[in-house]
């Protein structure tokens, strides 16, 4: 089956900022993204878990975005502008996709 | 630690079709898969979120499948037959796995 | 935007063991990880789903860990010591990250 | 007429309706108020279980009416027939393609259980009797409309007829809400008054309150849906979303008349015919008619017809049924 | 005997049992009906909190019986001892390996709190008194069986003895359901009748109804489990799943007799001894005996013994206890 | 004084407080007891809806007092003003940086709705009247403190002033809990006694019980938070977490006096002033002051001030208010 080069960008970011991040992604010309829930984690700012939490304040989500390789830099700039001062992790992986016209 | 080449296939697909997809994967000889929940996303068919939803109709899941590289084509054919007319995104990444006998 | 080489390790493991795994990771010098919920899956030990489950006994989680490439082996050893006799899948992907100082 | 208006007004300022409005307004104002998916599903399971059980216990108390079978047959026919009317009407009133028209038609032939629940609440608050087995009629009406819609598509020869596989039939017929409704109806029938007494503090006392929170959630979901729908639903379609329930309700009224239902039963059959699915049918459409646009059928069903029925339809149907379907309960 | 039968029949057509049957049937018919995990967990927290609190308030009202300590000690011994019987029985009746037998044995030494809850409901509906501190006995019986099973494995020298680390001891003893049960028991004891009065509309009135939905969920989970188990559980094991609770209940009866429990208390101790864990022990087994197959112990506990106890065991134990353990409460 | 002590003691052994303690102890002992996020959120939605509705229905019954507007204005001023006091106090008592001090100050100017709910429960249990519109005062006090804190930061010229964009204003003002509280308050006011009667079995009868489980969850979250905080909160900050509510409550008392609230209303305004946010403000801080450390403000708000208010503050404020704010209701 024919596949096409793409980049898979995964941004783990605080939930209260997710809306700002996705708005920035859309503005940067991203055609789609998917948000996965996160149960908990650990980093320099300590360990956390969503269990029993009522506030949106504590907790993160994972935003996954598949894009054409040539759009990567625009996306990263957009993402970085939001993530910069905030807690968050951005990773990029080489990927292949079916149906390239979608990305 | 010794690792083995593998492919990581991630299929983001509408929840009502997840059962058909995994049946097709199993039929195609896949030995295992994992289904992750999805909170929301955006694509050509607009933005959506699972928040407050009662119907299984709206919403997607992510199916992650690790396989031996030589099985990739069979898997993609199987996945494509289900995803084809439907909303869904298929991506493939090169990966390494521990305990190759499992895949 | 400048990115840095990293490894993305994804460990799908039974929930009752997640605490032991993350303790082992921290001990192995990992600076952070993120835990994603899992809805269901299938493997050699059959098909399962979290739907309606009360017990923590059945069900898995996905632990995602981004690390500097040179730390991979220590991490895999730590992970393997926990996963060894248990149900679980470990995969490694080449990745790039922003803000390398975090990993 | 004055009666209908006063009924409508009382209805409009009920906690139930106002909760829906609150959700709608919050979503349109882009508040971050949300009810977790699991809680929303939990509430819908509660409502289905409670309404099914109460219906069954009602049948156990009042005995199985001679009209039970006739009502179920009428319900079956209504659900099969209404999609054809809806499909034709959409052809006349909108420019939607065959697939979208068929998908919308399936929704209007099927039913919305929460609209039904709201109607039973209105009847109860007015002390109007209704047959317990109307719950069974609701269950019967969930699925047939889907088959009619798929038949319409197959006949039209439209491409993309989806995969009408055996799995889909099972999914449609053994869909969670049908199974829960029918199951709890049978449990209510078997355990009767005595069973009801055991769990009444759970399924009767807090029912109205749970319904409020559930409608708050539906308002939120409907409001978010309306915000995301950017002009895909034209004015013709919106008018359809109001006209079709009225037409449906007339067919429901006629059927109730033929079958010999009580005024309350007639009001419920009108409500069922007038309501449009938003749980079971959308999921079936994603599998069977994937090319049909969810933004169209969900907006019409949840954003137009549901609030119309809630605010105006139910009091109207109740008033018509009690006025026209004479006779003491 | 006629008594037992009539009791069993009344029991069989209670909303609780029928809800379990509904779930089982729905799952076996492959309906997509599911209760969200969060809702199921929420219900189990509610049930544990309510049953613990009521037990504690009962103790506050009736005073601490002289038999309290004796009962807890008896419970402890039962939980430690029953796994040995179960392990031996499995050796005689099945071809399961050491690890699987030990894991199953741990489940049968421990208890199923929802079986206990169902038994208290039956007692209440029949107006039979039972000691409030039976809840504490339930909590006491959760963990010791696990230690017995691990000891059996260690002694047998089977490989894969898992990691019996310090963490595991803490996990077993401070497991959520034990902590919640004991904690709410103490709160109930401290706040007494007055505290109970404040929250009775929450923990007493809707209790039976929540139990119905919880059993619906257990039916769904059990049914799905049975469907996935492809013949790993042979007929010998199934017979064990029915024989073992009977044996356990006899030990429970003897202990109740020795300790001097009321008939109701005896019925509950029999039920505890007869029931098999499906929440705490499975999680512990995944850590301590990872090579033991969940499909075996879960199928037996949830798919065989739980429904057996629910439908036949509880009325049987109640009838035996009231017949044999004479004396006014 | 003896009065306060006896009140405090009764309060301390209420199911509500003990549930919180149970959660705290379970978390500190590292039990795996957890309440699912969705269930916790569902309970908080229930509490907000119920308290708002009851407040609104109370206003509908007792009529709109002349003091309503004055109370809301007083609440507004308190919420704007208290952060300045908190900020100065933190400067004197701790070595925290500007950003952390400002973030903490925002929490103490805002309110904790569950503390408010607990206070209304205490008042109700003692038969003390309070104005229904105190709920509206609570809603009014949620947001202004955030603006004060951001203004303090902006003035101080501290780097990292975050993105105080238009989106943030909307998020703060249309934050889910404010919208739900105000919305249900209005629904309660519009539907009045009659509306309340319909849903009382849902929002009144089980209220105390749900509050227990919610406080159990808060205890768990607070306990886990305390465990993760490794010494970032020094003794000075802890003392602040006890002193600040006392200071806040005095301002609240003065305002209640000026406005002419009833003793019960005064106790509630004191409680609001004394309480610290842990839902709305933390989320806003993550966006607006990302460099401020959550471990500091969450530990103080949830781990120190919340339990202090629950155990000691509320009975104290109630005793003071009833002693000092004379006059029959």
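Residue numbering begins at 1 within each chain, and the chains themselves are lettered A, B, C, D, E and F in the order written.
What we mean here is this: a contact is a pair of C-beta atoms (placed from the backbone, for glycine too) under 8 Å apart; a residue touches a chain by one contact, two chains touch by 3 or more.
Since the structure is predicted, the reported quantities are computational estimates derived from the model, not experimental observations.
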- Query: Counting one step per pair of touching chains, how few steps separate chain D from chain F?
  - Reply: 1
- Message: Can you tell me which chain lies farthest from chain F, using the average of the Cα atoms as each chain's centre?
- Response: B
- Task: Examine where the copies chain E and chain F touch and state whether the two sides share over half of their residue numbers (same) or under half (different).
- Result: different
- Distance from the mean Cα position of chain D to that of chain C, given in whole angstrom: 45
- Item | Averaged-CA centre spacing for the pair chain E and chain C, given as whole angstrom | 34
- Would you mind pulling out the distance in Å between where the CA atoms of chain B average out and where those of chain E do? 38
- Would you give the residues of chain C that are in contact with at least 2 other chains, written as numbers and ranges? 36-37, 56, 93-94
- Note on the structure: Multi-partner residues in chain E (2 or more other chains touched) are 32, 34-39, 41-42, 171, 201, 205-206
- Every chain pair in contact, whichever chains are involved: A-B, A-C, A-F, B-C, B-D, C-E, D-E, D-F, E-F
- In the complex formed with chain F, which residues of chain E make contact? 36-39, 41-42, 45-46, 49, 53, 170-171, 174-177, 179-180, 183-184, 186-187, 190-191, 195, 198-199, 201-203, 205-206
- Note on the structure: In the complex, chain B touches chain A at residues 10, 12, 36-44, 60, 62, 73, 76-77, 79-80, 83, 89-94
- Touching residues (chain side chain A, partner chain B) in the complex: 1, 3, 6, 8, 22, 26, 31-37, 61, 64, 66, 93-99, 102
- Sites on chain F touched by chain A in the complex: 34-37, 40-41, 44, 160, 162-163, 167, 171, 217, 220-221, 224, 228-230, 278-287, 290-291, 293-295, 298
- Item | Residues of chain A touching chain F in the complex | 14, 16-17, 19-20, 45-58, 85-87
